[in-house]
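Have a look at the structure below, then the notes.
Letters A, B, C and D mark the chains as written, and numbering starts fresh at 1 in each.
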Amino acid sequence: MLSLSLTGLKLKNPLILAAGIMGTTGGSLKRATEGGAGGVVTKSIGVEPKSGHSNPSMVEVDCGYMNAMGLPNPSYKNFQKEIDLARECGVPVIASIFGANADEFSEIAGTLHADAFELNVSCPHACGYGAQVGSDPALVEEITKSVKSATTAPVWVKLTPNVTDIKSIGLAAQRGGADAVVAINTVRAMAIDIESGYPILGNKFGGLSGKAIKPIAIKCVYDLYEALQIPVIGVGGISDWKDAVEFMMAGARAVQIGSAVGNNINIFNDISSCMEAFLEDKVWTLDDLYGMAHKK
Amino acid sequence: MLSLSLTGLKLKNPLILAAGIMGTTGGSLKRATEGGAGGVVTKSIGVEPKSGHSNPSMVEVDCGYMNAMGLPNPSYKNFQKEIDLARECGVPVIASIFGANADEFSEIAGTLHADAFELNVSCPHACGYGAQVGSDPALVEEITKSVKSATTAPVWVKLTPNVTDIKSIGLAAQRGGADAVVAINTVRAMAIDIESGYPILGNKFGGLSGKAIKPIAIKCVYDLYEALQIPVIGVGGISDWKDAVEFMMAGARAVQIGSAVGNNINIFNDISSCMEAFLEDKVWTLDDLYGMAHKK
Amino acid sequence: MRPVNAVITKVVEEAPNIRTFFFDTSFKLIPGQFVMVWIRGIDEVPMAFSYDNAITVQKVGPATSALFELDECDSIGIRGPFGKGFDIKTGHLILVAGGVGAAPLAPLAENAAMSGAKITALLGAKTKDELLFRERFEAVGEVRIATDDGSEGKQGYVTQLLEDEKNYDQIYCCGPEIMMKKVLDKVTPSKSQFSLHRYIKCGLGICGACCVDGLRVCKDGPVFSGDVLKKTEFGVYRRNECGERVKI
Amino acid sequence: MRPVNAVITKVVEEAPNIRTFFFDTSFKLIPGQFVMVWIRGIDEVPMAFSYDNAITVQKVGPATSALFELDECDSIGIRGPFGKGFDIKTGHLILVAGGVGAAPLAPLAENAAMSGAKITALLGAKTKDELLFRERFEAVGEVRIATDDGSEGKQGYVTQLLEDEKNYDQIYCCGPEIMMKKVLDKVTPSKSQFSLHRYIKCGLGICGACCVDGLRVCKDGPVFSGDVLKKTEFGVYRRNECGERVKI
C-alpha cells in the first residue's frame, strides 16, 4: 500500500533514513532497515578521511537540534564494505557524497557502488564544501552533470534552504540531469552559552534540524514541486506520521527522517503503520496525497 | 543599569516591542510601555489603507507561530494620532514603514513624525513589498538613502533572513546611511492541514516566528555584527531573559520582542529585572555582554 | 494548535438566517470563550459555542454564507478555545441577548442554573421568528422579550426591559455593540459583563488587530467587566480590518 | 538541553594522573550513565560520575589536560545524563575495574551495598599508586588487587583475579576494551555487564559515530549485557573519529 518506485528504485515505503544519521557503519544502516526504513542514505562520504569539527558537535536547542559535525567520514576508499553490508538487507542504499568540485564528486561516484547517489551540496558548516558550492546554480549544474556522466545510478541532489531562491538551485540540478532533489539540509544557526559567552558548538555555528525547521522545509518542498519536473524528496523535522503526510501533500514523493531517529529507531515502522491506517480511513492512496496542497 | 543610547535615542532598557505586535493603536503601544518596553515599534504602515490577507492569518505551530497578516494598516495618513498617543508615555516610538519603492518609503517618512523609522524590507509574504524589495542590495541601499534624505530621524533597516547572504544586505543598508539594522524578520514557512490538504494560512504561506527561529536569528546577528559598523538590533524568538542575553552576546545592542508578548505583555519588565540580577551576579555591565561571543 | 477537523453531524434551522451546526467533536469552553471556525478555502471567523459541540451562526456575509452551504458529513476546522469567558456568579443573574448574541448566553444560563442561580433572560430580536433559544432560557428561568416590530413581547429595544430590573447580582450581555453600550449606561458597571465583537485576526493576543484601546478582545476578552469598558473607546468607535477608526 | 554551568568546588589528587573534580551542582545519574563535559574553547568529552557531584579524570590528551589546568571557582559546562546505566542486581556482585574504569563502579558498589548486595571488587592498575577508590570499595565489600608491576596484590592483569570467582550473580566491568574483552571471554555472558568506550560526538543517538555494529554506545549503552556484545565487533575493532575501523 505504501510501496513506490522512486527514480527507478523500488521502495517498500516512502520513508528513508536521512544522510548523516546512523550512517557511518554498515551495522547502523542495517539497524535502520530493521526499524522499517524503505531506503537508507549513508553519511556523506568524501575523497579523504576527515575527523570533523571538534566537540561540542551537536546540542539540543528549544525545538530541535543544532549540529556542526564537519563531515567526519572514512573516505570512499574505506567505505564500500559498509555499503555492501547494508545492501544485504534488501533495501536501496543511497550513498551521500561530497566534494569541493565536480572532479571530486565524480571521482567518488565513479568508484563507489551504491543504488543511488545523493550529492551533498548543502551542508551549512563545512568550509569549501556543502552549501558553499550549493548556493551557486552554475556549480550545482556542473557537479550534477559530471556525476551523471560518471555513474549510471540515479542521482539525487540535496539542497540547502539557506539561499534567496531555492527554486533556482533546484532548476540547476534538474538541468544538470538530476533524477530527484532532496530538500532540505539544515538551516544555518547558532547558540551561545550565556554563562560564558562561548558559542556552544566547537565550530561556533552549525545547522538547525528537528521540529523547528519543519515549516521551513514544507515551504521549500512546495515551491520545488511547482518549479520542477523531477521528484522532490522532503526532509526536515519529521517526527511523526502527520509530518510525513504534510510533506507529501506539499509535493514530496518520499521523505527522509533524521533527528527523530535518535529517540526512536523504529520510527519508520511506526509511521508506516499509522500512514496506512490514515489512508485506509480516508480511502486515499499515496498518489492522492502527493501534491494535494497544490490543488487547493 | 540597563539604560542605553541607541542611534541617538535614549532607552531605559534594551527591550523593544517588535513591529506588527500590538502596534496598530496608540492604546496598545501604550500598554506595551506599561509592560516595561524601553521602546516600541508600530505596525508597518504604508501609503494606502490595506486590509491584509484573509484569515487564517496566524497559526501556532510546533515551536512558534506562522503568520501572513499581509500588512494590514490604516495608512500613514490615518496614523499620526496613534503615534502621538503612544509618545505620551515618554518612551521612543519607532514607526515601521513599508512601500513598493523608494518614493513610497520617503513619502511616508517625510510626513509622519516619529522618534525613528524602521524600514520593513523584509516581510516574507507581501507581494511587491517587504522581502521582495529587501533581497536586492541595490534596492535596499536606494530606499535607505531616500528615506535618510526625507527625514532627520534615525533610520533602522529591518532585514530578512531569507537570503543567501544577509551581510550583503546589511552592508547595503549601511552604505545607504542606515543608523542601525534590525534582524530578523520572520522566516519563510508553510503549514498544511492534513485532514483536507489545504494550506492553513489564507495566504497559503507565511513567516515563522517564535522559539523555532531563535538560533537562526542569533547566527544572523552574529554575522552582521562582524560585517557592520552600525549597531545591530536583534529579534526572533526571544521568550525570556536568557534569550535576550544570548542575542546581546551575539552582538545585538538592543533586542525586540514579538510573539512572546501574546502570552505575557509584562515580559519587558520580567526580562529587565532578571537581566539586572544576572548582571549583578556576574558583575558585568550591558557593555560586557555586547558582542561577547566574538571574543571567545 | 492546528485546526481540529470537526465533521458536521446535524444542522438545525433556528430562525430565518440562523442555523446551529452540531459536530462530532466536543470542545471544553467556558461560556463566552470562542473558537476560530475555518471554512476551508474561504475564511476563518470567530464563533461562540452554543452547546458543547455546536455553533449557532447568523448569515451575514461571505464566510457565514459559505458555512450555510455545508451539510451533514461536511467538515470545518476549529481552533480554540480562545480568550476569557464569563465569570459565572451566583444569586440573581440577568442575561441580555441581542439576536445571535444569545449563543454564548444559553450555555451560560444552563451552567449557572445548575449551580442554583436565579436566571432572568431578556431577549431581543427584530421579529418573533428571530428569537433565539427561547425554550432553553425558559427551561432554566424567566424570559422577557422585546421585538422591534412588536410581534412578540414588548415593542422596542431589549434595553427597555432593563428598566424594571432593579435587583440583580450580575448582568451578562452579548449583542450588537450599540445595544451593549446602552446596557452599560443603565447598569452598575462593576456588576456587568459584556462579550465584545472586534475584528479578530490572530486570536492569540499578538497582532493587536482586535484592540479596544490597549485591551485585546481575543485574549484579555472577549468578556470584559463593565467598569473596565467604561474607561475605553467601547461604544464610541471600533477598528476595521485596516485598523482605521470607525464610529459605532 | 544546553550545558549547565558547573563550578568546581574542590579538586582531589587521586593518583599521579588522576584527579577528582567536585562541583557545586549535583546530577542524578544511574551509575554507568555519562555526561558530556565541556571544557570551553577546547573540547567536550564523555565522563562518568564518580560521586553525585564529581567526575574522576585521567589525564590522557588535550581535553583532560585542559581540565587539569582548572581549579576551584573555575567552571565547565555539563550536559546529561546520557545513555543507559548499569542494571543493579542483588546477590553476589563482582566488579572488575581497570584503571579509571573504577569511576562508575564506585557509586555502583555503594548503591548495591545499600540494597544488601554482597560486593567483591577486583581492581587493576599499572602500579600501586594508580589504584583508584580502593577505600571506597573496601568500605562496602571485599577488594582484590592486581598490578602490572606487582607493587600491590597479584602481579599481572586484573582478569586473572577472575579465575577464583565461581559464584556470582552478576559481573560489572569497566576498563580498557582489551581487558573487558578478556573478561567477557571468561564469564557467563548473560550475567555480565560492560561499560563501553567509543568516540562520542552527538551523545544523542543520532549521528552514529559511537556505533558498535548497530548499537549506539551513547544511547543504547554505554552499558551493555555480555550476551548482546558477544554477537558484535566488540573487542575486535572500534572506529576512529573518521569512522575508519581500527583494530583493538
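Keep in mind that, in the parts below, a residue touches a chain if its C-beta (ideal position, glycine included) is under 8 Å from a C-beta of that chain, and two chains touch if they have at least 3 such contacts.
These numbers come from a predicted model, not from an experiment.
Participant: What chains do chain B and chain D have as common neighbours?
Facilitator: Shared contacts of chain B and chain D: A.
Participant: Starting at chain C, how many touch steps does it take at minimum to reach chain D?
Facilitator: Shortest path length, in steps: 3.
Participant: Taking each chain's centre as the mean of its C-alpha atoms, give the chain farthest from chain D.
Facilitator: C
Participant: Measuring centre to centre with CA averages, how many angstrom lie between chain A and chain B?
Facilitator: Roughly 33 Å, centre to centre.
Participant: Please report how many Å separate the Cα centroid of chain B from that of chain C, as a whole number.
Facilitator: 36
Participant: As a quick test, compute the distance in whole Å between the mean CA positions of chain A and chain C.
Facilitator: Each chain's C-alpha centroid was found; their separation is 50 Å.
Participant: Residue numbers in chain B touching 2 or more other chains?
Facilitator: Each of 61, 191, 196, 198, 296 in chain B touches at least two other chains.
Participant: Of all residues in chain D, which are in touch with two or more distinct other chains?
Facilitator: Within chain D, the residues that touch at least two other chains are 40-41.
Participant: What's the contact topology between the chains, one of line, ring, star, complete, other?
Facilitator: Topology of touching chains reads as a line.
Participant: Report the complete set of touching chain pairs.
Facilitator: The complete list of chain pairs in contact reads A-B, A-D, B-C.
Participant: How about chain A: which of its residues touch chain B in the complex?
Facilitator: Spelled out, the residues of chain A in touch with chain B are 61-64, 66, 135, 162-164, 187-192, 194, 196-199, 205, 208, 211-216, 218-219, 222, 237, 242, 245-246, 249-250, 289, 292-293, 295-296.
Participant: Quick check on the complex: what are the chain C residues that touch chain B?
Facilitator: Checking each residue of chain C against chain B gives 1-3, 5, 36, 38, 40-45, 75, 77, 79, 200-209, 211-216, 219, 232-233, 239-245.
Participant: For the complex, give me every residue of chain B touching chain C.
Facilitator: It is residues 20-25, 27-28, 30-31, 34, 43, 49-52, 54-61, 65, 67, 69, 72-75, 78, 191, 193, 195-196, 198, 200, 202, 258-259, 261-263 of chain B that touch chain C.
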